[in-house]
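Okay, here's the structure, questions in a sec.
The chains carry the letters A, B, C, D and E, assigned in the order they are written, with residues numbered from 1 in each.
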Amino acid sequence: MNQTTIINVEKMSKSFEKKSEVLPVLKNITFDIQKGEVVSILGESGCGKSTLLNIVGGFVTPDEGNVYLDGKVVEQPNRRCIMLFQDYGLLPWRSVRHNVELGLEGLKLTAKERKERALYYLKLVGLEDKGELFPKEMSGGMQQRIGIARALALRPELILMDEPFAALDTFNRYYLQDELLRIQEQEDTTIILVTHDIDEAIYLSDRIFIMHPNPGIIHKEINIELAKPRDRSHGDFQYYRKYIFEEFRFNRPEMAIDFNI
Amino acid sequence: GAGEDTAADSSSDEKPTIKIGYLPITHAVPLFIEEQEEKYEGFNLELVKFGSWTELIDALNTGNIDGASMLVTLAMKSKEQGIDLKAVALGHRDGNVLVTNNDIDNAEDLKGKKFAIPHKFSSHNILLYHMLKQNGLEYEDVEAIELPPAEMPAALAEGRIAGYLVAEPFGAVSVAIDQGKVLYQDQEVWPGSIDCTLVLREEFIEEQNEIAQEFMDYYVEAGETAEHKDEHAYEMASEYLDVDQEVMDLSFKWIAYDDLRIHEDDYEQLTDSLVEMGLQDNPPSYEEFVDNSFIDKAK
Amino acid sequence: MSIPKTTINIIAGMAILLVVWQALILIGGYEEALFPPPLRVGEGILSLIADGTLFTHFQVSFLRFLAGYISAVILAIFLGLILGRMPLLWGVLNPIAQLIRPVSPVAWSPFIVLWFGIGNMPAIVIIFIASFFPVLLSTVSAVKNVDQTYLKIAQNFEMKGFELVKKIIFPAAFPYIANGLHIAVGTAWIFLVAGEMVGAQSGLGYLIVDARNSMRLDLVMAGILFIGVSGLLLDKAVGLFENWINKKWGRT
Amino acid sequence: MSIPKTTINIIAGMAILLVVWQALILIGGYEEALFPPPLRVGEGILSLIADGTLFTHFQVSFLRFLAGYISAVILAIFLGLILGRMPLLWGVLNPIAQLIRPVSPVAWSPFIVLWFGIGNMPAIVIIFIASFFPVLLSTVSAVKNVDQTYLKIAQNFEMKGFELVKKIIFPAAFPYIANGLHIAVGTAWIFLVAGEMVGAQSGLGYLIVDARNSMRLDLVMAGILFIGVSGLLLDKAVGLFENWINKKWGRT
Amino acid sequence: MNQTTIINVEKMSKSFEKKSEVLPVLKNITFDIQKGEVVSILGESGCGKSTLLNIVGGFVTPDEGNVYLDGKVVEQPNRRCIMLFQDYGLLPWRSVRHNVELGLEGLKLTAKERKERALYYLKLVGLEDKGELFPKEMSGGMQQRIGIARALALRPELILMDEPFAALDTFNRYYLQDELLRIQEQEDTTIILVTHDIDEAIYLSDRIFIMHPNPGIIHKEINIELAKPRDRSHGDFQYYRKYIFEEFRFNRPEMAIDFNI
């Protein structure tokens, strides 16, 4: 693994005000991400995963601490670090290709260069023949792939993904997870991925951050030492599964019934 | 159904109520005075104020009021359409002035300019027509425009129109604030012009003849009171007409309320003008439309 | 915390309005009688309040408004709930509604006078017409768009007829009906003035016509301001009612 | 397949309308001059068409409508896009808009004549007022409610200023703006008649007033029908335009 | 297993018309369900799972063939067979308890009996103290439990569930799956469940119907012979996983990339 630090989060905290009550959402979060890594942030609903990702992307300002991208403080969202949204965030009034070109319009490119670059990344996600269609004519899985192409087209140093496959059915999810790994390897992109799916985290990540809620903290960091591609039914995979599940069960004493993983 | 609300029902012990429509103009002053003096005994008088002639006609045609002090030409239109109305007296004599802005010195100056009248079918339009003809102009030489009377002084002051001819006190308003001057008085153009008349529904005349007579008696008397044009008349009128005394005095100067009988030759001249101007094809004849029996008995 | 900010905004807004108004007069050099300045209108308002005219006319208008609006709302919701469930009948009646809706209620006035006489009724009828169509159309479309899931649940629980309307359709459609009610309040209030300018002998619209006919443009402006303020308050009141119902029914 | 059905519905609807209308006359026993029967109105319409009056007046009205509506729409969308992005300024201007909105455009007519003279302008101004506020308010609220995700994407791609408005805010807000446009067409058309009843010398509203003044209620009714039909067609035209834009922009 | 047949679907087909094109959605479906069984219908998005469930519930009429409930043809939805919708279908204007009472209002019960029954089933799903709150104040998992309580309160012979846990995060999903099994055992309800999650199907069902699309057919029926509660990381569980996945992969030759289960 390449050992250049790309993201560095230091003692970062964030709270929201709700009806004059202060709700601490993230507390004292510190971590580093290396270039080329895939890191998953795994946690229950409401534990602050999205907030954390938004802060890393510069969409939300932390109350304390800082986020450094390549050593510089992140103050605003920028093109070097692209966020992929759960609902894909495609512009319904633009064709697929024009969606991919959206981010390129701010760069100094001719229309032709823009188009070529868009088509290149559409091809990478296997949609080169759908460029003139509109997003609503695509399935959920295809829409997510367009989102990925749009992000990749800007050649960002970092891609942030917020539950990217949560809305897809299992079969499409599996398929896109493999696609993502293939593209990530090819482009050597750094990815931070938020998920609540243990399997997904193990299947995709080099490292997993396990978050616990109220306020959100990184409870544990797990290195997944398995070679990619991974086999979901392999014993080692099941070892991580069980291990991570125990982590969560431990944190939910209020649950009367035993889980059977 | 139609006429349901006709108030003048002849139930024995209750005094019937007569509803008469009006617009707040100097031309309806005899009505105001009749109600203020309240000398009548056989009935109650209810004056119903309207915002425009159009609404007044609707109410009269549908029998929601028993009569009105209104532009005679509009009543003739209704009569032509089969609504049974009778003109029983004049509302006033004279009292329409042709107001222009201060730059207009004669009829010739109006050529090609916009000139406001309240209504195509009004006597004011006929007056304008005669005035132009008498000065050797064609009616088409000015651009006649229908405007609500209340808007005319503003339009004149802003130079949107060169002049207007309308019921009082709207002419006096412009003169009073020095935004306009009187170019002609109506009797200079058309002596004996008929403008506002008192119109009653025939239904009412037939069913309540005696009451109609009593109403007319006091109407004539009120006209004579109005003709004094004194402080008393002004006070009574100002209950209905919210204008400065200065404006009202000017207005009174131009108008007359004595002899409210509708004369046949004046009426003929009116119908001839209407036909000549192409405003009405078959105006009702004097016999059909004018009923002088009340005013004659009142004398 | 939010009330003071709104208050500041309102005050600032009114201040801007007054400044622009006065500036218009100074720049345009308009005659006072033709375009009255704020101060004179203020005096006009005070005199109308002092002699009770304003309140009397407002009361008349408001009662007419209530009569026209409430009867329209009741009838329109009732018909809307029925017609929304009868697509075939609505298919036939819809063109009629569509044809009558774009006609200004004021255009009907000769016929309104014929059928309803003079006095309160014409204004009430005009308000009725102005409120009826927005509420009817929004009710029908709300009923048509009730979430299929709710209807399936009702089927599953074997609900029918009146029970279905009462327990499922009406509450599910209500937020959209309420939206129609809200729009209708605005429209109806706007037409109140138009309605009372035609054939009425009292009310705020009449106040304006009468002031106009008396060449008292300061009173016209006073009437306009008063109509604006009371229309605004009415709108807010309906908004509060809407929120209250939504809260009571467990919506956001 | 669906067109014949709509046609049948329209024909059936019109038939019902005519039957009810004739029945009202037979039952009520109204004077023909006061409540003209369908046949006489039909003759009236034919005579108006034959002598070209109807077309002339319609053309005048329609051009006025376009002038008032289009200028209002352009200004309102332009201001709305700006004000929607400036919550503080809108906070101050909003009370003014709220105050003026509930006032019937007709109430302003004395001032409209003062400022804009006579002829076409008063009607155009009244239509302008009637269309301006619905479009402004819907644009502001559409801009305020643009999906946060789109704004975040724009931030992420470092879009700013005019580019942001052109590429993100306007297209994202457009469906709601279009809804405002649609509502405004209805309102403006309704006020066209009211506007032309005041001080205009031509147009459909004037046709009605003029017919009323000539005691020709059959022509009044003809005018009403014609206003209804053309308002309906206008509404459908805007609906088609809305669909076309939505389709072009890849919406449903 | 109790061997009374409760549902019997015979040679049932259904197609929809789309712009004058006829789209066959289900073709020649035949199966039986026994009393007390939990059966999952597993298939990709769009293969006709929801349509099948809607036909069984009487919400949609099949073109050919019939559905028999206790030997009688199902012609309309009825109280003996309650459908649970994916978006929970709670009435937002009714409190939690009144939602549960909704189905009871058609029965001949006094208000007190209704309330008692509602509270009993709310207790069964662990929400007895939330009766006076409104659905929007509940989390997704709680809302689904209210839906289950509402269905159970009618004591139906059959409950149909359309992707009941798809919108929940993994942790809540696991929790509710256990809850469902506990309640099902206690009330001995028959359940037909639609899902696209292989794990969920294996974890919950006695039998799994695997559907293939275009037109939807039941491609395979699998008996899960594992004792409940099941262990997701057990070898046998993984055996079924792999087996089912192969079934699907087999049906997707168009996929270029290999899946790694």
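The definition used in the following text is that contacts are C-beta pairs under 8 Å (C-beta built on N, C-alpha and C of every residue); 3 or more make two chains touch, one makes a residue touch a chain.
The structure displayed is predicted, hence computed values, not measured ones.
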Fewest touch steps from subunit D to subunit E? 2
Path length in the contact graph (subunit B to subunit D, fewest steps): 1
Name the chain whose C-alpha centroid is farthest from the C-alpha centroid of subunit E. B
Based only on mean CA positions, could you tell me how far subunit B sits from subunit C in angstrom? 37
Report, in whole Å, the distance between the mean C-alpha point of subunit A and the mean C-alpha point of subunit E. 32
Between subunit E and subunit B, distance of the C-alpha-averaged centres to the nearest whole Å: 83
Separation of the C-alpha centres, subunit A versus subunit D, in whole Å, is 49
Going through subunit D residue by residue, note those that touch at least 2 other chains and give them in order. 30, 34, 110, 114, 212
Taking each residue of subunit B in turn, which ones touch at least two of the other chains? 2, 58, 62, 148, 150, 154, 158
By the touch rule stated above, which residues of subunit A touch at least two different other chains? none
Can you name every pair of chains that touch? A-D, A-E, B-C, B-D, C-D, C-E
Where on subunit B is subunit D touching in the complex? 1-2, 53-54, 57-58, 61-62, 74, 77-78, 80-83, 114, 119-121, 145-148, 150-151, 154-155, 158, 160-161
How about subunit B: which of its residues touch subunit C in the complex? 2, 4-5, 23-24, 48-51, 55, 58-59, 62, 64-65, 148-150, 153-154, 157-158, 170, 173, 177, 179, 241-243
Using the touch definition up top, name the residues of subunit D that touch subunit C in the complex. 5, 9-10, 12-14, 16-17, 30, 34-35, 91-96, 98-104, 106-108, 110-111, 114, 186-187, 189-194, 197, 205, 208, 212, 217, 220, 223-225, 227-232, 234-235
Sites on subunit A touched by subunit D in the complex: 57, 59, 76-79, 81-83, 85, 87, 89, 91-95, 102-103, 105-106, 134-136, 154
Within their complex, subunit C touches subunit E through residues 149-150, 152-153, 155-159, 163, 167-168, 171-172, 174, 249-252
